[in-house]
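Both of the next two complexes hold chain A, though its partner changes from chain B to chain C.
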Partner chain A sequence: MYVAVKGGERAIGNAHAFLAEERRGDPGVAELSVAQIREQLRLAVNRVMAEGSLYDPDLAALAIKQARGDLIEAVFLIRAYRTTLPRFGGSVPVETGQMAVVRRVSATFKDLPGGQVLGPTFDYTHRLLDFKLAAEGEVPVAPMALASGGPVPHVMAMLDRDGLIEQEPQGAAVPPDLTREPLEMPAGRPLRLQALARGDEGFVLSMAYSTQRGYGRTHAFVGELRIGAVAVEMEIPELGFAVEIGEIELTECETVNQFKGSKTEPAQFTRGYGLVLGQSERKAIAMSLVDRALRWEELGEDFTGAPAQDAEFVLYHCDNIQATGFLEHIKLPHYVDFQAELELVRRLRAEALGQAEAAE
Partner chain B sequence: MSDQAYNFAYLDEQTKRMIRRAILKGIAVPGYQVPFASREMPMPYGWGTGGVQVTAACLVPEDQLKVIDQGADDTTNAVSIRAFFQRVAGVAVTGATAEATLIQTRHRIPEVPLRAGQILVYQVPIPEPLRFLEPRESETRKMHELEEYGLMHVKLYEDIARHGAIATSYAYPVKVEGRYVMDPSPIPKFDNPKLAGCAAIQLFGAGREQRIYALPPFCDVVSLDFEDHPFVASKADHDCDLCGAGDSYLDEVIVDDAGGRMFVCSDTDFCASRHAAGQRGRLAPLTEGGL
Partner chain C sequence: MGLLARAPGARLAALLPDLPAHEVLRPPEIGAVMVRGRVGGTGAAFNLSEMTVTRCVLRLGCGAVGHAHVQGRDKGHALRAAVVDALMQTGAAAEVRAGVLAPLAAEEAARRGLRAAKAAATKVEFFTMVRGEDQ
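Up next, the complex of A and B:
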């Protein structure tokens, strides 16, 4: 017989204890350290930093450990922590042109100042399971060369000099911030880029892919993809000048997109832009394609109804923490609402069956 | 036992101030959805982050907090949110509706009428009553601005044409002070009449959707209907099997695998109070302390 349910508190406590035990797994197997995750699962750490909007590899590694490898859960932990941090101010814009690149490739020019630098890429690996990794072993030391030290200018700047690519006017001194102000439509490009930079990699990837398959096609070439460390500088009011406060790793992608001209603009190349914390190449390329697709209005292109052109659709659905929360909340109790629906369906059925009987 | 690492009620004072401004604006313009810079909370979106932020912004150390989910104080998420505020604000908690100064709720309004000085905070999943008629926020905001609610009336009319009745049983839309159409959150329409003329302040928080709205005390709130199809607040056609109440909203509980059912008050405090006062329903346990 049912009596009013009690015991939620104890059930929650027990569930948490069970979870902690499952997280640890077999105690006969050595425990993962945060440093191991940070060093050996670095791309996972990068994704958590990017989508968590917080550059801290140690905290991201801790979040991955706590989340049992569920990266969206780890992003959530980082976001929830980030909210509690005080905001001292904004940095000056980072100079990606001054980046100490570990990787830099251009798909539009065979060779260019600064050269093509492959860096640590999966691109030309054969995807054969390496059973040697299953056994423990030392990795041979990779060959080293000194950095050229020469400048690595942006490809876009070279196109810009020839007037072949659209001019990008200087934006506002202080960009908008959707973590401090509610996202409101229409959203300008800086706000769209911020949303995409912290958006779900899978979502942004699929949106970008859809443009390649014809849903809002923009004919993108990767003008340049660069990964490396940049200095972060901040103006200190008491000093009156900017000082370097640290260094972060970034992935930047600039696409060159075909543009045949519109009612208002002559034929020229146009830009898509992606910038992501850490080494997150897939995300940066995808972001630049989606950025370009969302720019249809300012470039005088037609809205073809493609999802990737629709800023409301993209921006309101790219955040995986919002999406997963709302999706998963339907497992919470809804019996009050369901009861109301039960009554309604029963009443409608009774009326319909009553009418059917009366008609016979 | 408060967690010293966090500010009182978790949010920093700047954020609370921002939320309070949104609340005040909401009270000044009843039923209008005020955008606010919702923060990421340590519980997921969909678990009541909007309500939690509104509660955090309203709480003072002297408060007596009650948290209910589906009318019950002991559902897991209500337990979890209550424990959160005990931890980060150290406030007193209660299950008694009459004793509480601030009640956070999901999907129900308590059966006992609220009094002046109380605050009822609703958790809201989709604050926009027009959302399922028009998915675009830019469009729905315009529709509210222009008081263009024809689409909603057409939807209700189509319900009647198709089903003979308005086929909305919860989150039933209301019009506030003759101006804004508002989503009362997914409360059963049984609760809609309690929205109007309520002595307490009613605040609605939607975290993921970044909106706050409000009903000041004694507000005029009308459930949308037609003259020839008036609004009816419906519930299961039973009395509570535990306390015998005939006028409370009931949950249906399946008690065996042969179609056996019992109906019990969804408001557990209401049911337990009646039980304590000696009221008994059809299937009330004979032993004392069964509730």
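Up next, the complex of A and C:
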């Protein structure tokens, strides 16, 4: 229970002024620009865009600056901003097969059309602190090679050609949208993927890890992981056709998982899918594992009671803004609630002590 | 239109500093578009995330109507993109193509080419180690 109280205005004003000064830090150190955050902390910007569910690198960088680097607070700022925007419409689904890839690896096939392209990865680095970065250095230059320009087809299409992997069924032209309608169970796969794509990276990672450790195991191979730019197209009603309205960077992960099959249907691999804004492969891999674990019912698998199989548990707890809002509200004044509990405890103690005295 | 939507707003402003006389039918407006993906890259559509978009519609003195939807929140960018869209329907099309669209296309191709070349340099060339028993 909350009760209206007045006062604290001066304290709140001064606290915010203190916050602003702390945000700036030592004035003897140069101030960070939004452009510096956008360019040099790009993976933080990607995470804020993905979980804020709004692709706009400048806004995400501004939010990170305002939030003093607290990424969940930055996500909160982006979520609040996006509610102020009118919705112009929905895009035509992006064609990830047409992606201009900067990274594309497969853990299932060594030789494949388009090859294994490592891109700007942390993999194979030694995770030793690089003290050269602490000094102001020269601008590094990446080597170049002749790009073939050939197609980079999805690995899954190769398996599909031989009927070795399940087909993805088509669905509604306008998918359900949890930003418009409350998330309700049972949630179909499109709704689950929307929730996971904007879910907290740490939460989705832990859920995925739990499946690997045996809580809803799915035996996943990374069939393909690709990062790159895709065009976004939208139908413009006034024009009567679709036009390209921009280009966004995405990370896509497709897993190949153990089989389904029956007496009438030959065995086939099954799929898990992850798609995340920006370069964010930990999240994309985790999302595809959790997506696959949540499909137990549709694939006729057993529910083992694993958290990652429980759609209600996963989807209602993956949103870090909902979680932080409810968690942090308990620090706000609950004076009346607590007074009631205090009264109750005192009365119980008084009764118990009274009975003890009477017995003596 | 895609080229204008993707181009940096400042670059478009540099290539098209002066705007012809026009009447704004729908002033530049910032909004969001829900970007959709497909399950497994090929299946049912799902809502991935929104992106910021600015749109504008205007009419030139000659009557040509220009539409624009550009990525981001730059109103000047949307206005100029709509002007270019309208001009492309007039006698000035060839001039606009050479003076604005061609340089934007060349710069974008160069940017993409550079990124593709850097990615290509990270392509793995596998070779098989000689196995002991073959020697």
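Criterion: the second predicted complex is superposed on the first by the 338 of 360 C-alpha atoms of A that agree within 3 Å, B and C clash if a C-alpha of one lies under 4 Å from a C-alpha of the other, contacts with A are read in each partner's own complex, and residues count from 1 in each chain.
The working rule: contacts are C-beta pairs under 8 Å (C-beta built on N, C-alpha and C of every residue); 3 or more make two chains touch, one makes a residue touch a chain.
All of these numbers come straight from a predicted model, not from anything done at the bench.
*Asks:* Should the pairing of chain B and chain C on chain A count as a clash or a fit in the superposition?
*Replies:* Fit.
*Asks:* Just to be sure I read the superposition right, which of the two partners does A:Ala63 touch: chain B = first, chain C = second, or both, or neither?
*Replies:* So A:Ala63 meets neither chain B nor chain C here.
*Asks:* Quick one: chain B or chain C, who's touching more of chain A?
*Replies:* After superposition, C is the partner touching more of chain A.
*Asks:* Output check: A:His334 vs chain B and chain C. Expected answer is one of first, second, both, neither. What do you get?
*Replies:* Only chain B; A:His334 stays clear of chain C.
*Asks:* If you stack the two complexes on chain A, which partner ends up touching A:Val290: first (chain B), second (chain C), both, or neither?
*Replies:* After superposition on chain A, A:Val290 lies in contact with neither partner.
*Asks:* With the two complexes superposed on chain A, say which partner A:Pro186 touches: chain B (first), chain C (second), both, or neither.
*Replies:* In the superposed model, A:Pro186 contacts chain B only, not chain C.
*Asks:* If you stack the two complexes on chain A, which partner ends up touching A:Leu348: first (chain B), second (chain C), both, or neither?
*Replies:* In the superposition, A:Leu348 touches chain B alone.
*Asks:* Considering only the touch criterion stated at the top, classify A:Pro86 as touching first (chain B), second (chain C), both, or neither.
*Replies:* A:Pro86 contacts both chain B and chain C.
*Asks:* Which of the two partners, first being chain B and second being chain C, lies in contact with A:Glu238: first, second, both, or neither?
*Replies:* In the superposed model, A:Glu238 contacts chain C only, not chain B.
*Asks:* Looking at the superposed set of three chains, what is the minimum CA distance between chain B and chain C in Å?
*Replies:* Shortest inter-chain C-alpha distance (chain B to chain C): 12 Å.
*Asks:* Overlap the chain B and chain C contact sets on chain A and report the shared residues.
*Replies:* Comparing the two interfaces on chain A, one with chain B and one with chain C, the shared residues are 82, 86, 179.
*Asks:* Show me the residue ranges of chain C that touch chain A in the complex, using the header's touch definition.
*Replies:* 1-2, 5-6, 29-53, 55, 57, 67, 69-73, 112-124, 126
*Asks:* If we count contacts the way the header does, which residues on chain B are in touch with chain A in the complex?
*Replies:* Residue list for chain B touching chain A: 6, 10, 12, 35-42, 44-47, 49, 69-72, 74-80, 83, 107-108, 125, 135-138, 163-165, 167, 169-171, 186-190, 208, 210-211, 234-236, 242, 249-253, 255, 262, 264, 266, 268, 271-272, 283, 285, 290-291.
*Asks:* Under the stated contact criterion, what part of chain A meets chain B in this complex?
*Replies:* Touching chain B: residues 1-9, 11-12, 76, 79-80, 82-84, 86, 179-186, 312, 316, 321-322, 324-330, 332-337, 339-344, 347-348, 351 of chain A.
*Asks:* Going by the contact rule set out above, which residues of chain A touch chain C in the complex?
*Replies:* Residues 49-50, 53-56, 58-59, 82, 85-94, 96-97, 100-103, 110-111, 115-121, 142-149, 154, 156-157, 167-179, 189-191, 193-194, 197-198, 231-234, 236, 238-239, 243-248, 250, 252, 254, 271, 273, 275, 277 of chain A touch chain C in their complex.
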